[in-house]
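Let me begin by handing over the structure; questions about it come next.
Chains here go by letter, A, B, C and D, matching the order in which they are written, and residues are numbered from 1 within each.
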Amino acid sequence: MSLETFQQLNWSIMTPEFIILGVIAVLVLCDLFMPKTLDRKILGWVGIAAVFAAMAATAAMVGGPVQSILHDTFRIDSFSLAFKLLLLCGGVLVLFLAVSYEPKDGVERYQAEFYYLFLAALLGAMVMTSSGDLITLYIGLELLSITSYILAGIRKFHLQSNESAMKYVINGGISTAITLFGMSYVYGLTGTTNLLEMANKLVTLANSNHVYLLTLAFLMLVVGLAFKLAAAPFHMWAPDVYQGAPTPVTAFLSVVSKIAGFVILIRILLTVFGFAATKGQGSMPILYDMQNYLAVIAAATMIIGNVVALRQTDIKRMFAYSSIAHAGYLLVALTSLTTNMFDSIWFYLLAYLLMNLGAFAIIQVITEKAGGTAIADFAGLYRRAPVLAVAMGILLISLAGFPGTAGFIGKLNIFLGAFYAEPAHYVLASIMIATTVVSYFYYFGVMTQMFFRPPADDSKLNIPFGILVVLIVAVVGSILLGIMPNIAFDFMQNNLDIIGDFFK
Amino acid sequence: MENAWLIPLFPLLSFLLLLLIGKRLREASAYVGILLTLASLVFSILVLFERFSEPTYMAKVNWLTIGEVHLTAGFEVNQLNALMLFIVSLVSFLVHTYSKGYMQGDERFHVFYAYLGLFTFAMLGLVISPNILQTYIFWELVGVGSFLLIGFYFYKEEAKAAAKKAFIMTRIGDVGLFIGMILLFWQTQSFEYSEIFKAVEAGSVSNTMITLTAILIFIGAIGKSGQFPLHTWLPDAMEGPTPVSALIHAATMVAAGVYLVAALFPLFLASKTALLTVAVIGGFTAIFAASIGLVQTDIKRVLAYSTVSQLGYMMLALGCGGYVAGVFHLMTHAFFKALLFLAAGSVIHAVHTQNIEEMGGLWKKLKLTAPLFLIGTLAISGVPGLSGFFSKDEILVAAWEGGHPVLFLLALIAAFMTAFYMFRLFFMVFTGDARSEQRDVNESPSVMTLPMVLLGILAVVAGYINTPWFGSFLGDWLVDGNPILGAAHIEGPAWIMIAATVVSLAGILFAYFIYGKRSIAPDWLSGKGDMLHTVVSNKYYIDEFYQMTVVAIVTGFSYFLRLIDTFLVEGIVKGVVGFVQGLGRTGAKMQSGQVQTYGAVAFLGLAVLAVIYALTGGYLR
Amino acid sequence: MSSVPASAFLALALILFCIGLYGALTKRNTVIVLISIELMLNAVNINLVTFSKYGVSPSINGQVFALFAMAVAAAEAAVGLAILMALYRNKKTVHIDEMNEMKH
Amino acid sequence: MNLQSILSILVFSPLLGIIVLAMLPKTQEKAIKAVGFLATLPPLILSFAVYAHFLAGKSLSDFSVSVPWIQFHGINAQEPIFSVSYELAVSGFQLVLVVLTSVVSTLAAIGAVTFIKKEWKGYFMLFLLLVTGMLGVFTAENLILFFIFFEVTLIPTFFLIGKWGYFEKEKAAYSFLIYNGLGSAVLLIVIMILFAKTGTTNIELLKEIVGDPSGPLSADFKLGLFIALLVAFGVKLPIFPLHSWMLRVHVQAPPSVVMIHSGILLKIGAYGLIRFGMGIFPNQFEKLATLIAILGLINLLYGAFLAFIQTDFKMVLAYSSISHMGIVLIGLAAMNEAGIQGAIFQVVSHGLISALLFFLVGVLYERTETSLIDNLGGLAKGMPLAAGFLLAGALGSLGLPGMSGFVSEFMAFLGLFKVQPWIAAVGTIGIIMTAAYLLRAVLGMTYGRAHREFDGVLDLRGVELVPVVVLMLLIVLIGVYPSVLSSPLQATLETIMLGLGG
């Protein structure tokens, strides 16, 4: 490739990534050369501005045609735009949390690292959404993972933080290995790493040995990527890591990282296995053949997440299990494989992003003040800070999936898909509904603490600006999308033709 | 007659007025009640006289629509209704008046009058109803009025228990009526009496159904009229103020059962079995209650058992086909039993006890009450010339001519017993010496005695409207236009009348010798059969029997259900919750904090999925 | 050269992977665990390179992929060791089974 | 005013009260109470206006409103395949329940002034949210909207029980939440299956589609859906053995909440069974009629027998509710006009009566700090009015003619005797037992020797008399002149009978 062709490439489609990348570089340099006495918080605001800029750049591409550069390794289609927007939303909110994060033992010394690592992780996730190639997918994934490892352990002198990072690295390493192993088989059977080319080659797959191998690769990929989703059977790291990691990082892991996980899972499963035939051309694709396996994973995830959450006394751990459960719900949507799958996953992730980040904002305030992460620290919150308690109440209600909130519409959409699918997933949807009821127990347990119990101390809580922003966005968003979900649906439907673009 | 519907509304007005402003009116409440019942009485008399010359009047309006069915409410004035209206409003008016004196000084005076108003409203409504549903509605309201009045002295435990018992026992009967009524409806598509009779006559209802519904309805009558085996509430009901006993538990409400059977007489006539049931229950109750009455020592209880017994008489009459006899006795009994109760009230008012063993020698002290009581006693005993004689004679004739010699014999024995215990009562209360210290025994005020005098006159003369000698005016009128109800007057052999007279006189004499002249020791009889006496004076242990069976079974069953509720229902819930929590505990325990376990679980998961695939999808496909 | 069949390389990779996995899941020393993970990643590299030569349709992509994987694996190992260092400073142990501050 | 907007205003006007309350400072107790009460008035006035509109002989469909709301998009971008509209409407049956709801809500708001001792602001905000939910439940014209309002009632009720209740309030609140959560979960499954299979949740459309034998649902499938529906509403009603949550709630919740709960929330179960169970699945209902009759019988007797041995008057009333809901089932199982109308009457009647009784119990508890029958006694002396109304309420409850309870009981049995005479005959034992347990309990508290410690208790006074008198008048009105209730119902009954016949 000559310099000329290099220049002729349509680099503009990578504008959002470049913005983030540039700002990372700037932040690194600033951090190096700024006087030590200067508050690094300003860098956080720069990061936020960068994400907003990236968001604008992404939004500008919405509605455009499918574009790809570098031999289709990087592509812009509706799918990538939709999910990139989600990631950027999540990212900006997490950064808002991060600039307001001031634990007692302090992260001031590496505050700047905090911000650009966040941005780097975000960049990894963004690359994942736009990858059309296994290699770029893998690079994006690892960029996200490795920065997350560091982020989890960023409180260097905090034992739990170290431990959570260590656990994260080891599990992450194993999961990467399993995923890669699966990928290597897929590559071996197609001879290419480009996803669409793979799909083209696998359409006519008929050799039963190859099918067998490919299916094993499918299982390996699913299990390996389950790590990112925190879905069964690769969910067990989540509680420990969530508990130990700094709260903004936990929020990041539970939202951005999870969205990225779904992006890569959908991308690979749909393009590769959605076409890989089982018995020659025109036969049932592997993905449909393996639907029940996905269903089992989804069911196990929902059950484990919700049931074990009942036993928790630590708020972050509880939210870890809750996020496992939500991954299960999302897997139900994925399992149904209906036409509105993208809509429902995207919408649910949006709702989940809002409610979970909002909840973590409050958790951050409470845990910072209390110095611990026990659920009991929420006692009497309604007395101490009624607005905070009511906001948390609304977010919990949304998480539990009560009507009037985005969480409900999201669940409704998933149910609809599960029942609409042919064959309908009655059992899976029923498990989802039943475990949702189980979830009332622990969500309302927090409510009990907040509203019914007397406070341990009556000290007032001050809400930093960043937290306030997140809370307002989260609460207003949750309710707005609960009452007028068509805002989101119409946006999706009018501007993003995911199904049409996905395989172009 | 078009305005007959106003009759029940006056007492209702009285009830509502007294509820709202009674507290301010205090004793003046009595005037509200008396005036309004007087208005009812006047209207009733007018209606009664109008009915002599005019045919039955009926009016109705739509009350409730159920799909295609329109249930109506309305009123009807036929012979029986008109007569009942008169009896009820008369007795009610008299009792209202009497109570002014009797209840003097009670702090809930106005409440008493309000309740009386409610009851009178319900009773008048009951007798004016043109359909069985409306009858049932008022039937229940009457029960409530009775319940409230029995429990008027609510702070007395006995009154509370008696009120409760009265309500529940009658309710048991009511359910019979309820079922019977509904079954009849589905058979005839109507609640109207006239429609029902038409359907029965037309034969569109099967015989079994007629018998079943008739007996079910009769169960309602059993409850209300205190017939065996649902009679136990009536004696206990004497816990209420005495005027109430006179009004409700002698003259009117308890007669509602008889009235109901009379009102539905064509239905009963259509089923031999039902009729026989009525007769047998009536006959048995008559002698059964009379035998208990022999040994009671509470003045009101004696009268109560006497009431039960007399109601049995009426049932017997109806059961034997003696429609006129039954209704006739219903009327005369209303007068003389109300008289007896009011007189007994007067006695109680004077001596402040109800125990006849503590009374005696009151004849001289109660110059007016005593003779009136004697008139009542003579009337109920069936001494010739008084009202009770004529009506009782009719019943005996009806039983004999109806072909029930055994029942006839029972009735005769009951008549003897009645005469005996009534005179026992009379002698013990009014003759001899006072058996306990009695101070300030004074005759009651005239507001109490006047009603008694009026009733006394009626107790004597009421019988003459239907006699074998001077013509059966009442009978002719009652069956006029309804030949199905039977003959206006059944001509019986003369010996029956003689036998009745002999029997009642024998009873009186017997009582005189034991309690009047005391020439026979009172334990002459009771001493002979100690066991029997104990059994009888304990009312055949029926209350105890119910307590041990029905109540025990219900309570036991309830506790059994509670076991189910706590262990089975709750247990399953606890089990499910426990299972989920146990699952959570296991899950949490597996989360050991060992990072390698986590990896192992993930790999294990992969392995399991792969193995399953290998077995089902790969090699085994 | 071509006498060694593709399946042998694949089997080698599989065995290597399993050894790595075994090590990662059983060794007490965290350093060894990290090395075991490297072993697993290397098994993948063998796979990729094998397929790049003997695959259904051989191509250069596999080798490129392997290069990327190696680079990333190195970064991952570096981060892992760095975190281990931080942990060691606080806890004075490298034994993985003692890292159970957070559980249940 | 535009007639179509009336229902929306009716349903959402309490929310205005919430907004006002949110702006009031906590310390302004009087203003808070006043706003809390006043905010219940618009629905009351509007519901009576709608009723007047009906009485004037105009069509209730004037009020129907339907606006596109949510489109769950499908494969074709331009045409949404699954759409949910915002649809409100009232039929006669719904109107009756809306009126009942608004009346009881207003009275419960008055009751709250007496019974609630702390944090009125939070209380009234939740309370008004609950009112909106209930009104929405009865006016929603499609299943999704119904479900949304249904769940909206859950959350405020949870807090109202859990925060303002008695000793075991949290346990009761959780019981409530989980049972009802499960019930609504089952309901949601049914709704979503119907939605997914038929493409609509509009009740009228569903009636057609489900009723069509060649429709997308097989007969067995429909039966399964109906059974699920029965379970879902069985929790709410409640049907034995799904009742234990309701006992706890009735005992532990504050009286003003129990008034709402027992008066209206439980009725949602009956409403759902009639409107959806019978309306959408008439044939399936018919198939299971005997089973439902037996369930009703069990409810009736089970509740009655257990009420007979309770020592706490609140428990008596709680079991009595179970028993009375049995009558609803019995009436429905009759599948004829009389039975169904009886069931609906019972719904309304029990709503009024239980609201009355629980209000009175609340007052008694307020004064004596106990509701144990044995600890009370002779209260008629100290508080004659309360005792009198209690007795009157009990008489209404046991089906005394002249009060609403009788009309409903009568019609329910009238209906059942036609089709299942034996079950009905056994059921009449319940009538006797009802009298027995209610009199035992009420007389135990009000009659008998007065306890000395209650010498100085205050009788009903002032504002407390309002709910009592209003409820009593309504109970008597329905008892004496049932047409006031039955005339709006005729059209609904006809539709249901049409469904059953066809």
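Just a few scattered comments:
The rule we apply is simple: contacts are C-beta pairs under 8 Å (C-beta built on N, C-alpha and C of every residue); 3 or more make two chains touch, one makes a residue touch a chain.
What you see is a predicted model; the values in this text were computed from it and never measured.
More C-beta pairs in contact connect the chains of B-D than those of the other pair, out of B-D and A-B.
The most centrally placed chain, judged by C-alpha centroids, is D.
For the pair chain B and chain D, the distance between mean C-alpha positions equals 37 Å.
Our note on geometry: chain A versus chain B, Cα centroid distance of 78 Å, whole angstroms. The geometric centre of chain C is 64 Å away from that of chain D, both derived from CA atoms.
If you average the Cα atoms of chain A and of chain C, the two centres end up 25 Å apart.
For chain B, the set of residues touching two or more other chains reads 588, 591, 593, 595-596, 599, 603. For chain D, no residue reaches two or more other chains under the stated contact definition.
Of all residues in chain C, those that touch two or more other chains are 21, 24, 33, 96, 99, 101-104. If you check each pair of chains against the touch rule, the ones that pass are A-B, A-C, A-D, B-C, B-D. Chain B contributes residues 580-581, 583-585, 587-588, 590-591, 593, 595-599, 601-606, 609-610, 612-613, 617-618 to its touches with chain A in the complex. For chain C in complex with chain A, the touching residues are 13, 17, 20-21, 24, 30, 33-34, 37, 40-41, 43-44, 47-48, 50-51, 55-59, 61-62, 64-65, 68-69, 72, 75-76, 79-80, 82-84, 86-87, 89-91, 96, 99, 101-104.
Of all the residues in chain A, the ones that touch chain D in their complex are 339-340, 343, 382, 397, 402-404, 408-409, 412-413, 415-416, 419-420, 424, 426, 429-430, 433-434, 436-437, 440-441, 444, 447-448, 451-452, 485-486, 489-490, 492-494, 497, 499. Residues 62-69, 133, 136-138, 140-141, 144, 151, 154-155, 157, 159-160, 163-164, 167-168, 171-172, 175, 178-179, 182-183, 185-186, 554-555, 557-559, 561-562, 565, 568-570, 572-573 of chain B are the ones that touch chain D when the two sit in their complex. Touching chain B in their complex are the following residues of chain C: 21, 24-26, 33, 96-97, 99-104.
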